[in-house]
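Next, two complexes with chain A in common: one pairs it with chain B, the other with chain C.
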Partner chain A sequence: MSKFMLVLCAGLVCGMPLAAPVKDPLDSSRWPDLQRQYVDDADVRFDPRVEVLAPRVAEDSMNVPVTVRLRDLPDVKRVLVIADFNPIVKVLEYEPLIAQPGLSFRLKLQQASPVRALVQTGDGRWFAGGQWVDAAGGGCTAPSAGRSAPDWTQKLNQVQTRIWRDGRNQRLRLRIQHPMDTGLAPGIPAFYIEQLAVVDEKGQPLFRLDTFEPLSENPVFSFDLPDTGDAPLRLVGRDNNGNRIDARVQP
Partner chain B sequence: MSARVLLIACALLCACGVRAQAGLDYGLTPERIAEDTWVVVGRSEDITRGNGGNISNSAFIVTRDGVVVIDTGATRRYGQQLRAAIARVTPRPVIRVYNTHHHPDHFLGNQAFADAPLLALPATRAGQRDDGNAFSDNVYRMAGDWASGTEALVASQDARAGSEDVGGHRLELLALHGHTAGDLVLVDRTTGVLFAGDLVFLDRAPTTPHAHIADWLAALDRIAAVRARRIVPGHGPVHDGLRGVEQTRDWLRWLDATLRDAAERGLDMAEVMRLPMPEGLAGLPLARSEYERSVSHLYPGYEEDAFRHRAAADGQSVQQK
Partner chain C sequence: MKGLRYSTLSRLLFAAFAAASAPQLMAGVTDRDIENDARTTGDVLSWGMGTEGQRYSPLDKINAGNIKNLVPAWSFSFGGEKQRGQESQPLVVNGKMFVTGSYSRLFALDARTGSKLWQYEHRLPDGIMPCCDVVNRGAAVYDNLVIFSTLDAQLVALNQDTGKVVWKEKIDDYQAGYSNTAAPIIAKGLVLTGVSGGEFGIVGRVEARDARTGKLVWVRPTVEGHMGYKFDAAGNKTENGVSGTTNASWQGDLWKTGGAATWLGGTYDPKTGLAYFGTGNPAPWNSHLRPGDNLYSCSTVAVDVATGKIVWHFQGTPNDGWDYDGVNEFVTFDADGKRLGGKADRNGFFYVLDAQTGKFERGFPFVKKITWAKGLDANGRPIYDPANRPGDPTRGTDGKKGEVVFSAPSFLGGKNQMPMAYSPDTGLFYVPANEWGMEIWNEPITYKKGAAYLGAGFTIKTIDDKYIGALRAIDPKTGKIVWEVTNNAPLWGGVLATRGGLVFWGTPEGYLKAADARTGKEVWSFQTGTGVVAPPITWEQDGEQYIAVAAGWGGAVPLWGGEVAKKVNFLNQGGSMWVFKLHQ
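Moving on to the complex of A and B:
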C-alpha cells in the first residue's frame, strides 16, 4: 500500500511537468480555453518565427494595426488570428495558397488583450506568436462611423487597390468600404465581410481569407504574392448579408 | 484587548489615509521667468499614476488688476493646487483664464477656476464640448485617484485675436491652428514672453491626435515672426530664441516625409511603426511612443493619397461594385 502510494507520488511529481501544457508566454488566463476551441487541444509551439507586429498601446481601439510576419516558417497552410479578450475572439483565417503567409490588417479591441497568430504547417503542426496590446477599449461595441454618412449604402463594398512590384514579388494593398458592424452595438445587427479571395483570370484563387466581426470598418489589407505579371486579377467575396464583392485588381 | 487592537488598527488606518492624501500633492512650484510672469513646468512624460497628469506647462501673469492664467492642467486637483500656488505668489484675484487648446492636460483643471472668466478660441470650446467627457474618462484611466472628481468644464467665453491692455501688460492673442483646430498663442508685448501652447514642444516629442501638419508648420512660421524674447512651450523648458520652434518643425517635417514615403512604398501601419528614427529625434523623451501614436493618427490620410495616386496614374476609376 505504502509502496503504491510512493509510486503514485513519484508518478505525480515526475509526470506532472511532462503532462502540463506548454506555458503561454503571454500569460493569458484565456489561453487554455482558446487552445481547446481553435486548435482542438493540439500541441502549440510558441515560436519566434511567428511575429505579430502591433503597437504596445492602441491609440485607436477601433483601428489597431497588425502585421503577421512569417518569414522563415516553411509550408504554412493556415493562419488564424485571435484576440483573447475580445467578445468575438476570432478575427480572420488566412489560407495563403501561393501567396506569402504573412499579411497586414486592422482590428477592433474591446479591452487590453493579446493578439495572436496561430499557424498550421503542412505536416499539421501548430505554431504561435503574439503580443499584448493595451487599449482604452470599446472598439467592438461602438457603432461604425460610416453609417452616419448618408451615402454609405452606395459605397458599400467599393474597393480600392494598388500593387507594388519589385520584379519577383508584388505587394497588394486593398481597401473595402464596409461598416463591419459587430452586432454588439445596441440596435445594429452584425454586418460584416465573411469571405475574400484574389483570383486569376481562370478563377483560380491565389489566396483565400475568411474574415469576422472584429476586423476594422472599411478594412485595409496588405498581401505579398509572387509577381503574376500582367495577368488580370480580381478580388471576389461576400458579406454576411449576401452582398457580393467583385472588383478588378488594377495591375 | 480587542478594543486596544481596534484602536491601534484605527490609528494605523488613519495615518495611512493621511499619507495617501498627502501623496497626491503635485508639488507645483512656480518659477519666475520674467517680470510678473511665472511658469509651472510639467514633466516630459505621459500621464501616469506616478505623475498624476502633471505633464504640461501652466503659466500666470500677475498684472496690476489681477492674475491672468494660461492653462489649468490635467485634473481638478491640479487646478486647485495651481490656484493655491498662485495664492502663495500674490494675493491678487484671478481675473481671467485662457485655455490654449482643447487637450485634456491643458484644460481639465478649469473646475478650480469656475468663478473666473474662462476664455478659449471657438474651435477649442467646440472641442472641449465634443471630447471633454472622453478626455476626463481617459485621464482617470491613466492617472487614477489624482483625477477623481475631474469633469470637463468648457470655457465660458470666446477668445478673439487682437491685443489689449490688461493691468499694465500689453497682451496680444494669435488665433492659430495646426496642433488642433484651435491653438491660441498669447504674446505679452510688455515682457516679450510668448506662450505657445502645444504649437511648440521642446525636448519632448510632439503629440498629434488632432494635428494638421501643413497648418502646424504655418503656425510655427507665425510664432517665429513674432520675434519673442522668451518662449513658454506647452511641454518642455522655457527658453530664449527659436530652439523649440525649430525642434518642433524638424520633427513635423521628418514625420510628414516619413509617412508620405512609407505610403508610396506600400507599407502597412504596423510596419511603419517599426521604421528607424533619425538619431537627433530618437533621443527625445517619448519619441518612439509618440511616433507610433502619430502613425495611428495620420497614416490613414497618407494611405488614402497613395490609393488615389494610383488611380490618377492609371486615369481610371479604382472601384467596381
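Moving on to the complex of A and C:
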C-alpha cells in the first residue's frame, strides 16, 4: 500500500502519467486477469529469488515435473502455483508452516503455458517467478488411466513415502494413488485430492497443501522438512468425495 | 479398536485443516424444524414432506378453481449423457433446492430461479450392483448439511452452501452386493438409513448415526438372530441384544444370508418416538428352502430411536415366495382417537395398524386381483392358497424347475417404491397402484458372495389390456376405493396431497397430473417430455405456492418388463427438475 501511494505521489508531483503496471516478464496475455483473480490486483514483484524449474518442452503433457525453489526469500507464508493457459488455472496452494517454502510436484498441461509461483511473505507482499513450458497438449481433457482400472477402489489413496536425511533436514517424497480426474473429459466427473498435510503425533501440521485438478494422476510431491528424528509423522488429507488419506510416513 | 482409530484420525484431520473451515452464516436445520416440517409451508425438510410421510401440504393457494393457470416457472437439466431413472424427492431449505439424480449425483439450485448453485458427483466403482436402475430417492438435511446415500453404499454429508464434503462414511461393502438408494431420514439428531441389496443375500438393518459427524450410534439388524450394537462417543461397540430369537423363524444357517433389505428407508413419527422401516424379501426367493416365517422379512419394523431396539413388528407375507417386499412406507395419521399407520404392501393388501403397538386394526386389498392369499385372518395374517405358491424344484419332474404358477400381484407389487399420500381433509389415502401378475417358478440355488441370490425365474403378465396403473383414493376406515384414475403404463411416481383439495402425481408417459382430491376428476396435466417416476412436492415462497417434480424415465419397470414392455419401451429417458407456479 505504502509503495503504491509513493508511486501515485510521484506521478502527481511530476505531472507525468501514472506508472504502467509491472510488465509480465513471461509476456502472457492472461496475466492481468490472473493478477486480479489470484492476488486481488495487489502489486506483484517478479523476483529472481522465486524460481520455477520445469522442462522447456514437456515430454508428457500428463506428467510435467515442476520444482518451485525459493532461495533467500524470508518469511514465506503462502505459495500459489498457477498455469495461465490451463482450463483450470490453479494447481496448488502451499502453506509451508515449519517446512521449507519450496516443493516439487507434477502437473497436467492442456497447451503451452507459463507455470508460475506466486509467493506471499509475512508482510503481505507478493513475489512471482515462472517459466513457459511448451506442451503437445490435451493433458487436462483425457480420462485418467486409473478411471478404467477395475481395482481402483482398493488402491485409492494408498501412499508411498520415502525420506532422505542429512542430519538437519529431511526430504520427504510422496506418491498417492488417485485418478485426479479434472471433470473435463466427457462423462467423467471431477475427482481429485483437495487437502493434504503432514502432522506430528499431536496432530500439529508441519505444512498444509490445497491441491486441485491439474495435478497429475497418482500425484508425486517432494517437501523439505526439519529433521524430526524418530517422531512418527502422518500424511492426512482427503479428496473432493470425502475419501480420507491417512498414512504413516516412515523412512 | 477400529472406532478409536477413526476418532484419532478425525482429530488429526480437524487439527490440520481447522483454519480452512468457513464460519456458518445461516441458522441450520434443527430437530424441531424437521418435526414441524409437515406444518411449515416455506420449506420441505424431509422425505415424505414430514418424517411421518403423509406428503400432505396445508397450502391452498393452488386449487381446483385456479389450477388452469399453473404454468412452468423454471426447469433444470441434470445433464450428463447417461440419463436414467429420476426417483428423487427434492428438499427446499432457505431458498435452496436440493435434489439428487441418477448415478449418485446431488444438485443445489436456487429455488426461486432454478439457477445451479453447485453439484456433487460421487465417483462410483464399475462393480456397483444396484438391482433396479441407478436411482436415488432423495437427501436429508440437518444443521448446515445435506446428506445422501450412494450406489456404492456410502453416506455423504455436504455443506449446504459450498457442496464440499463435510463427512463421508461407508455403510457397507458394495462388492458383497450392498448399495443404497433411499433417502435418509432424521430423528432426534440421528440420521437413519437402511441398506439395499436384497437380491444378493445381504442382511438388512437400520443404522443410526450422529447427523453432524456421521459416527455410528446404533445398528439394528432386521433378520432374526443377528446381534444389534450401540456405540459410545469414542466409537466403542457394545452388544445391544439380538434381533428376535435365533432360529425361531429360520432353520439352520439361512438367517445368516437372510435378506430383509431395508432398501426404501423409513418414516419417523415424533408422537410415538418410533422409526418405521419396511423390510424386503427373505433370501433366496425359493421359499421351500427356508420353512418358517423368516422374520423380519416382508415386515414393518418399529424401532425405538432412543434405544435402537425393535418395539414391534408386523409381517405382511410370512415365508414369502413371490418377492413381496414389505418395504412400503408406513404413514402415520390420526383417526378414531388413535395414532394409526397405513401401509399399502407390495403383496396387494392395505394394512391399518396401531402406530404405538403394531396391533392389527384392519386390512383389505387395494388391488383388484390377489391370487396368493384368500384373505387376511383376524390378526392380519394371510390365508394362503397353497395351490398358488411356486412349486418346490426338488419335486419337479426333472428336479430342476418347480411347478410354474400364475400370481397376482406381480413381484413388482400392487405398489412399489412410489410413496402414497394421506390427506387429513378427506381422510383418504392416495395410492399409486398397479394391476399386474406374473408367472413364477423356483430353481435350485446356493449362496455366493456378491452374486444374485434368487433361485427363481419369472415373467410379468398384464391382467387388463386397458391399464396397469391406477391412482386410487382409499378410505382407511372401510377399505373402499372411493375413486380411481387408471393409467396405461404402470405408475411409478409418488403422490402429493394439498389443502387446496388437489392430488398431484406423475406418469411414465410424461405427465404430471392433478385431480380433485374428493372426486378424482382430472383438472390439470403437463407433459414434462420424459417419464415421471418421482414424488412431487410443494412449498411457498414470496407468497406464491410452487409445485415441483423430477422427471426422467427409468427405475425397475424397463428392466424387468416382460409383457409390460410394450407399454413402456417407446418411452424416452431424461433427467430434469420441473417447477410450476400460478401465472399472474
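Rule of thumb we're sticking to: the second predicted complex is superposed on the first by the 232 of 251 C-alpha atoms of A that agree within 3 Å, B and C clash if a C-alpha of one lies under 4 Å from a C-alpha of the other, contacts with A are read in each partner's own complex, and residues count from 1 in each chain.
One rule holds for everything that comes next: contacts are C-beta pairs under 8 Å (C-beta built on N, C-alpha and C of every residue); 3 or more make two chains touch, one makes a residue touch a chain.
Predicted model, so just to flag it, every value in this text is computed and none were measured.
After superposition on chain A, the partners chain B and chain C are accommodated together without colliding. Using the contact criterion defined above for the overlaid structures, shared-chain residue A:Val199 touches chain C, although it does not reach chain B. Once the two complexes are laid over each other on the shared chain, residue contacts for A:Ala136 go to chain B alone; chain C is not touched.
In the superposition on chain A, A:Trp164 makes contact with chain B only, while chain C stays out of contact range. Between the C-alpha centres of chain B and chain C, as viewed from that of chain A after superposition on chain A, lies an angle of 100 degrees, to the nearest 10. Contacts of A:Asp246 after superposition: both chain B and chain C are touched.
Using the contact criterion defined above for the overlaid structures, shared-chain residue A:Pro186 touches chain C, although it does not reach chain B.
Per the superposed model, the minimal spacing between any CA atom of chain B and any CA atom of chain C is 11 Å. Touched by chain B in one complex and by chain C in the other are residues 246 of chain A. Only residues 53-60, 63, 65-67, 104, 106, 136, 157-162, 164, 171, 173, 175, 220, 222, 246-248, 250 of chain A touch chain B when the two sit together in their complex. On the side of chain A, the complex with chain C involves touching residues 150, 152-153, 179, 181, 183, 186-187, 189-191, 194-195, 197, 199, 203-205, 208, 210, 234, 236-238, 240-244, 246.
Every residue of chain C that touches chain A in the complex is listed here, in rising order: 9, 11-17, 19-20, 80-82, 121-123, 125-127, 152, 156, 164-168.
Chain contact summary for the complex, chain B toward chain A: residues 138, 141, 209, 265-271, 273-274, 289, 292-293, 295-297, 300, 303, 306-307, 310-311, 314, 316, 318-321.
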